[in-house]
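Shared between the two complexes below is subunit A, which pairs with subunit B and subunit C, respectively.
Up next is the complex of A and B:
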């Protein structure tokens, strides 16, 4: 499976899940919120809420991600395929969660927020993958 | 090519297990799941492994599929010693030579029937035109035509099992491993699934290994093995069913 196909599967799972829509709704509300609330520190709140938004969105689709990791492992997906999938989901989720932050923050804060979101998302997805892999090994029957 | 005295050659053997042991450690306790397992599974035969829950049947299948490694012993699948393969090698084995059908079918609910079945081909980098052709052929063989765009949620238990089998067969594997394929089905659907395995054996010449706790399923296999406390013993040689 080349990188292109891993990317396409990730898009399908993302678009068909609930998480994307949760993220879009929350990001839109946060953007709307910034119109009415003017405070010098609000950008930090937006960064924090943005990260929680990303993690909530991923957790709401955790069943789909677990199922896909399970199947990819059974069907013989190589490690780079899993990595492509994880990074695609993590980057896209992080970018969507960043929308309200971009409206207010400077470049450094945006890049910092993006990096934190990607690290958090990737960590969560890899944790799920490792759990699936471990359960495939440890379930005795 | 077979020897004149009827002995098996390496060309006939799909899976060979030699002195396989497997244990798990839980804290200070060690549970031995497989004890000195020796077995040979041939091309074009259906082998049923019967045993109670916890006897090691699923662990055995997973070791043959390369999802787990034995503590001791050799597992040779289509000439490849799994102990000599790394993770990438084992992944390639699962993608092309061995197919594993888990007890819960392992379908992705977010993907359509077509997308579930094409996953192994997608993983191996097969082009779109070939994928569509191969998946359509296997769906027709499994009587799943017309259900391409449905999600697994909308399928019956028997249909979900057929999708899982279709996904396993789309790569035309040499070895098909099925973990309790009839456990979630009523008896009439279970019979249909077993008859499907017999068709697959005939049409694909695949070695099929089925684990089950239901002794009635053994009526449909060519050879039965009993697994008790990690040890495998032949039950009774059965005449090949037509």
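Up next is the complex of A and C:
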């Protein structure tokens, strides 16, 4: 098994899971508020909903991510591969989550939203990875 | 006296009844009482276990995420709420008047309304006060006491129109009486001349189409009931404003007359804002049609679409989150099934619990939104919440938490195994097994049939699972000679259930019974050393 390119596995997992599609649908629906609702505070709410959307999308595929981490550990994948996988998933999810915000927000808000989304999704995936790692150690012991 | 006797009688009857009820329970239902106590203990244990499992479920961060998303969607819906005023129109042929009427519920200072009127500079604006007093205003005139319950302020230029030939001024008050007093009245340290107007003229006076000059006290059907004219004090707007202790001009009604062209180009949306702020009603009379805009808002189509989209987003996220909770649900069910919780029980319980949790958050958010953003936003959020809650409850009940459709396999569960015992006293083995069954904490012996010889024997036992109604176990044990010095015991244990239970649940019951029998016989073999 070629596990050298973490980003390719990440894209495959994203495309095969339903999280990506859920996120796309929700982001598209949120565009309604971006376009039609003229409220000064709507942008902050869209940033929050976008972040929750990213987290939910990742959670819906959590089984696939968990299984993949297990396989990567068993096959002896190097830490950069896992990091690339985690970052690719996080960045893609964060970018899709940014769609409703990008038209309304200024540069600083966009960067903030992107950072929040990436941190949230990376933390979640890393937590899953740590759980898998811990369980694997326990089962081998 | 009668009350005391009645009280004593009731007390005596109550004590007498309670005494006999307690006595009756103490004497004749001793066994039944024990059963009830045991049943209650059983139920309590189940409730405690269920509570612990369910609270474990609530601690899941996924549930928190779902509730957070619901709250965010409700706020999203609240921010996008838009409401227009409820409108209706009536055909009023033959009026040919172009005018606008604004009626307020309370007495307002003119300064608050003025900035909205700047839009209508080219209109002929008249302000009125039609005010019902909370307490009657006592007046003394020619030694006769009069009480006014309502005050009416009219523009000076309209006095002849409403009061026949009386020309009103700021130092004059008009009472509606057929007698002419021609005296001075003192109110708040100011002397006013008094004039009398014909009550009939005043009753018939209208400031706008269908709006009488006298304040409306109530409605009889759709017909307004006005304050009687002899209980009304009429003056100019500044005079009445002084009487109600206002330092500036006040008003309750506003009538603007336009030319046809002016009304067509007038920006009437300013009046919507005015009514929305102060409450009341706007009536527009043009082209022989009376349009009435009430102060009550109705949601616009955009607002409804927004609430619906929020509900869809919220439902998608909630369902996705609850789908991710499925492994937790299955684990919870496997734990609860061992204490006899049925699948439909579990599904119903979890659905109710989830719905209650969502409802608690939804209602709390609605209340907060009502306080922060106002009633109309709260209604929009509530629509989002209700749709989300219904969709979520339906899907989790039918699909996500429905363990019965996933796990129930109505197949009979049984197990067979053999044990070889050397040099046994077969009847002793059979008695030992029957004693195990009789003293089992999980199973209650219903039927026992036993025959035994030196090397042959048969035992049949039918037991009921104590922790759940309608589940039982049957044991068939055959003993036969094995070789020269041993006996083979063939066990056949099968479970049965009145309801269609899952294979997993029946297997749990089977294993519980099997472990008791097998463990008991093994111990007996060890003790006897056979």
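FYI, the second predicted complex is superposed on the first by the 134 of 141 C-alpha atoms of A that agree within 3 Å, B and C clash if a C-alpha of one lies under 4 Å from a C-alpha of the other, contacts with A are read in each partner's own complex, and residues count from 1 in each chain.
Just so it is clear, a residue touches a chain if its C-beta (ideal position, glycine included) is under 8 Å from a C-beta of that chain, and two chains touch if they have at least 3 such contacts.
Please read these numbers as outputs of a predicted model, since none were measured by experiment.
*Asks:* After the alignment on subunit A, I want to confirm one thing: do subunit B and subunit C clash, or do they fit together?
*Replies:* fit
*Asks:* Thinking of the overlay built on chain A, is A:81 touched by subunit B (first), by subunit C (second), by both, or by neither?
*Replies:* A:81: touches subunit B, not subunit C.
*Asks:* Who does A:73 touch here: subunit B (first), subunit C (second), both, or neither?
*Replies:* The first partner, subunit B, only.
*Asks:* Looking at A:22 after the superposition, I want to know if it touches subunit B, subunit C, both of them or none. Which is it: first, second, both, neither?
*Replies:* second
*Asks:* Given the touch rule stated above, what does A:12 touch, subunit B (first), subunit C (second), both, or neither?
*Replies:* first
*Asks:* Quick one: is A:64 in contact with subunit B, with subunit C, with both, or with neither? Answer first, second, both or neither.
*Replies:* Only subunit B; A:64 stays clear of subunit C.
*Asks:* Output check: A:56 vs subunit B and subunit C. Expected answer is one of first, second, both, neither. What do you get?
*Replies:* second
*Asks:* Once the two complexes are aligned on their shared chain, state how close subunit B comes to subunit C by Cα atoms, in whole Å.
*Replies:* In the combined three-chain model, subunit B comes within 16 Å of subunit C at the C-alpha level.
*Asks:* Under the touch definition given earlier, write down the residues of subunit A that touch subunit C in their complex.
*Replies:* So the residues of subunit A touching subunit C come out as 22, 25-26, 29-30, 32-33, 36-37, 39, 41-42, 45-46, 48-49, 52-53, 55-57, 59-60, 62.
*Asks:* Can you list the subunit C residues touching subunit A in their complex?
*Replies:* It comes out as residues 62, 65, 68-69, 72-73, 75-76, 79-80, 302, 305-306, 309, 312-313, 316-317, 320-321, 323-324.
*Asks:* Which residues, counting only subunit A, touch subunit B once they are in their complex?
*Replies:* Per the stated touch rule, the residues are 1-2, 5, 9, 12-13, 16-17, 63-64, 67-68, 70-79, 81, 136-141.
*Asks:* Once bound in the complex, which stretches of subunit B touch subunit A?
*Replies:* 24, 31, 33, 53-59, 62, 65, 67-68, 87-88, 90-96, 100, 102, 106-111, 115-116, 119-120, 122-125, 167, 179
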